[in-house]
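Structures for review follow.
In what follows, chain A forms one complex with chain B and a second complex with chain C.
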Partner chain A sequence: MRRPKSSPKSLLDMQTAVQTLILGTAIGGVYALMGVGLNLIFGVMRVANFAHGALYMIGGYAAYYLTLATGAPMPVAVIGAMVVGGCVGYFVNAILLRPVYRSRLERPSEFTLIVTFALSLMATSAAAVFLTPNYRKFEGMWPDTITLFGFVSMSGDRAVAFVTALILLCALLWLVHFTDLGRGWRALTQNRMGADIVGVDVFRLANLAFATSGALAAAAGAVLVPLYLAYPTMGESVIVKSFVIVVLGGLGSIAGSLVGGFLLGWAEALGSVYIGSGYTDIYGLVIMLVVLLFLPRGLFGISEREV
Partner chain B sequence: MVKNIIEPVCANRRKFLAGTALVLATSWSGLRPAAAEDKAPVVLGFATGLSGAQAQYGRDNVKIGELFAEQMNSQGGIDGRKVSVVSGDTQDQPDIAISLARRLIREDGATALFGHGGSGLTLALSQALKSTKVPLLLSYIWGNSNTGPSLPSVYRIGPFNAYVATLMAKYLKQSPYKNIVILAEDTAYGTDFAKDLSGKVDAGLKVETIPFQAKIQDLSPVLGKLASGTQPDAIIVAGNYQIIYSLQNQIPAAGLKSQIIGAWDYPTTPEFWETAGKNGVGVIYATFTGPSVKLTATGEAFRASYAAKFGRDPLFYEYFLWDCLNALRKAVTDSKSVDPAVLTETLAKVSFEGTTGSIHFNQEEGAWNQALSGTLFMKQYTEVKQTDAAAKVVAEIAP
Partner chain C sequence: MITRPRRTEAAAKPSGRVPVDLVATGLRVAYERDVEILRGVEITAAARRISLVIGPNGAGKSTFLKAVAGLAPVTGGLVTLGGVDITRWRPRDLLAHGVALVPQNGTLFPAMTVRENLQMGGWLRRREKAWLGESIEAVVNRFNLPRHLVDRRAGDLSGGQQKLVEIMRSMIMTPTTLLLDEPTAGLSPKMASQVYEQIAALPGDLGVTVLLVDQNVRSSLAISDDVYVLAMGLNNDRGTARDITERLGEITAGWLRQGVSGAVKS
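Entry: the complex of A and B
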């Protein structure tokens, strides 16, 4: 039996589908990078960090000003942004949130939520006042258009962002699974009180979790400036996307965040091409609701172990 | 001892005489006819975005208001009334804009409201403030429904969607394009404009409208589909937020060779070249400034004072704001009142020299309380970091 020849239209349809999936994958990697930091903090400290978008914004601006002031190439700018984001994350926890956990408040997580939300608003307003609301951009590492398989066109900077995200995600996975710090974080994720009882230094690990999360968010902000620009409110959409990723993947699950990031990237890309371009932000929320309906803990949610 | 007693007495006497003189002076001034500073002031209210994505426009508007107040006060005020500016941040949220505008009117005594905001936000604001009758003067808000008989206190100087779409359709008719795509943000501005333009172009021209969420950052998947499908001759960008600055890079990166056309002159904003880089070369945009537009004496004076204060020439829509401020000045001078209802009525009849020509407000179907703008210029950048003044005029479309 002869196979029917594919028509030019079906070939085009196939090419569009492949192109959409590749673009979704490329942005999904960066989404995963955004979401994984938020999930790390939630896992370790049960804190919903609403300042996560602000850290993304700080990373974007740090990379921009580093490039502007020193002419540093993009990899140096990204590392600089990670240092800034990491330091901000560390001090946010050490100075502002630690007193909340140490106090005898009945529901500390609600206070941390308010503190991080206020921080987020303050950071956005401060950026608008001190850095001006103008859109900023620095030249990426690879601004040329690249073509994959002869039909998928994208900016080289998108590929750079994806590869950077993958490297950082791999580094995080190594940190979590093969170091004492990672073992400590996993212990805290499983049961904070239990970890505390067996001698884990909860506050030190929390500080480092915040620093790591801040560095990852800042890296995501930095690699996306050549594509999406830097501006004071750039973190607003990120915080929503990050929460979708965390809920999709499962609270406290690093692997879940990775999957959640790619799922969100694919949902947005495929939805905007095949359903409608006017609802891009909705597709992730719809998938999140469906997942919650059938898997209330998310795809890889971890239940806390009883002591 | 004597000396010690006399000195306090003398001091008290001096205080008494000084106090008496002060009381007399105060009483005398109270008996005078009302002096300039006693008249109710003219308060320019700016409820505008000062922190969101469009904060730059908002801040520039407030600065222009302050420049205007400074100039008026140096000339003795408007109708002898002191001019001041009050402003607040709408955060691009209609509910915040409404409560802010109410506060500016009730607590700060705003005589009229100015400022930049989205068409939808401004429409909500206009409807909420309708009962106050406080004039709302729009300078760069394009929604068709932002003015109309049902909103008698709202006046507009500057272009609006139906007007621009009519002129742009004429441009498209004379252009070589056969197949165009309108990227329209999902706001009153973007969808209105796309609908107007689609309805006005010739039947032979294929038009597809692709809506997108206003604050989205990435349209690459949709652009990729266009690249592997229709490959439009031109892509018209009708948006306001950050994506319009990224599209100069996202469109060619998706493999599209289409001509990029800005539905408004965002390529003249300060951040354009920083964000577009070399991909900004070749971009065509619609604007209302061109070689055949001559500034009046009022316009030249504004340009000079603006440049002296802010170090650059005003952008074209900033002339419209200056005209709006002068419209209020004329209404206050003509009516000798700052009563909102009186001003709303007077504005309908004012006529004065604006920055680019004579200004009066039409009360016509489709252009209610509207001072019509002039010729549409389609300009194209031919080299990196080119200025608006140096851009090539591709077409000049008269109304």
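Entry: the complex of A and C
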């Protein structure tokens, strides 16, 4: 630790650390995209969407088959995947979750938990049966390895995934903070009855939240296929990560999920370099537990009344 | 003959407002199966009058307002607005027909500023930016809200200030029928009397029909026309404000004997 600064060993250490953080940031952007979408639904409707990973998987396959069938370039494939994910999200809410909006339903959150969990299992099995469990891949936009600052190397596709995630995150923040739709979502997140009495169309806004969330999850799935491939169970570890991010950042807080996504990316990257690469999925959970121990509402969680 | 009109947002505009009666007949509400909170309540809020509903804690007063406003599960009975069946309409559709509610518990958006909260009151007319700006200005002046509060986060206001903003927001909703649940709870006496003044002026100035639930019986009786007494989910008494004021001692003594009544198993 106390070696002179200029020694080649410590320079190497520094470079490893920087490389690790940059890789963590790159994947963190995509994680944030997943977390933000899940948290949007949680905020607007107070329900956990267990089909979020399935939408990620659907996005991956949609992009794959679009490229396969039409030879469309990556950006088109991603947009296509977003349209598919958005439509699936919209109709899941509009058709299957409709009973939640009838005031007579006694346990809306249990109902959605069961429905979305069942949907997720069905989607995974359907993919295995109809699309085979084979791993699928298409060529990304930038398959070469790129080098930053002379010592950080990562695949160009990773950079593409990060930039795409960043663009979509900015678009979502704009939607939430500068449009009437976003204002309605924020109102619903902050006070459901308040939104009801001022005439916010809860059902329509929830449909649109599901569509947006589905589109974001599908985009995340699509941009990662060139790196991690598409296969039926690809959404399973991602849904766990998404929940970790949501809890880490605070339920209902979009900014919290943004930060949570990057924290998870860094934790995984640092953990696998400095502790061991066999337990990547554990690091996020550990960070989450530690944060919850000191901040039970998550990093940006606001009090129950304010959500 | 009861008809169901087309639900349009246009109806929220004050143009073409016709004062009509809001009538609840045999209204029943049960949040859970077999536990009826309202067991056939009959209340008429006559057009351009102030109707007051009083009763002991847990009588079902708030539940009644929520049921009328589409926020509580109605299991029987009928609510009509000028002869139109509005039972179980969604709050949004009711608002489009001029029925607005200010619930008992806080319904502000805490992370939004007071101004943004007031803007949310104009949600159904959100495209009419100029109109909305003027209405907010007018309401802030009418209720003497200190200027510096307008750009504060609503969640940072005191309980009384929040209640006041809620009432102000309901003014932006330009209702023809306004349901108010304990509008002065938590307000200082000075603020409360100011709010009562505003409520008292609603029928005359804006042609608003008011249905008021209030624990502050003496002050609310002073501005009311008709009074209904609820107890244990049933009508217990009714009369003109003068009539009830005279018999008030006898009526409230009855509440004490009953104690705090709650739900009754049917």
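Assorted remarks:
In the analysis below, the second predicted complex is superposed on the first by the 297 of 307 C-alpha atoms of A that agree within 3 Å, B and C clash if a C-alpha of one lies under 4 Å from a C-alpha of the other, contacts with A are read in each partner's own complex, and residues count from 1 in each chain.
Rule of thumb we're sticking to: contacts are C-beta pairs under 8 Å (C-beta built on N, C-alpha and C of every residue); 3 or more make two chains touch, one makes a residue touch a chain.
Predicted, not measured: the structure shown is a model, and the values here were computed from it.
Once chain A of one complex is fitted onto chain A of the other, the partner contacts of A:109 are absent, as it touches neither chain B nor chain C. When the shared chain is aligned, chain C comes close enough to touch A:180, but chain B does not. In the superposed model, A:25 makes contact with neither chain B nor chain C. Of the two partner chains placed by superposition, only chain C is touched by A:193; chain B is not. When chain A is checked against chain B and against chain C, the one touching more of its residues turns out to be B. For the contact definition in use here, the chain B contact set and the chain C contact set of chain A share no residue.
By the touch criterion given at the top, residues 103-104, 106, 180, 183-184, 186-187, 190-191, 193-202, 302, 305-306 of chain A touch chain C in their complex. Interface residues of chain A facing chain B in the complex, by the touch rule stated above, are 12, 15-16, 19-20, 23-24, 27, 124-125, 128, 132-137, 139, 143, 145, 147, 151-155, 158, 227-229, 231-234, 236-237, 268-270, 272-273, 276-281. Contact residues of chain B toward chain A in the complex are 50-56, 59, 186, 210-213, 215-222, 224-225, 227-229, 242, 245-246, 249-250, 252-255, 270-271, 274-275, 277. Only residues 12, 32, 69, 71-73, 91-92, 95-96, 100-103, 105-112, 116, 120-121, 123-124, 126, 155, 169, 173 of chain C touch chain A when the two sit together in their complex.
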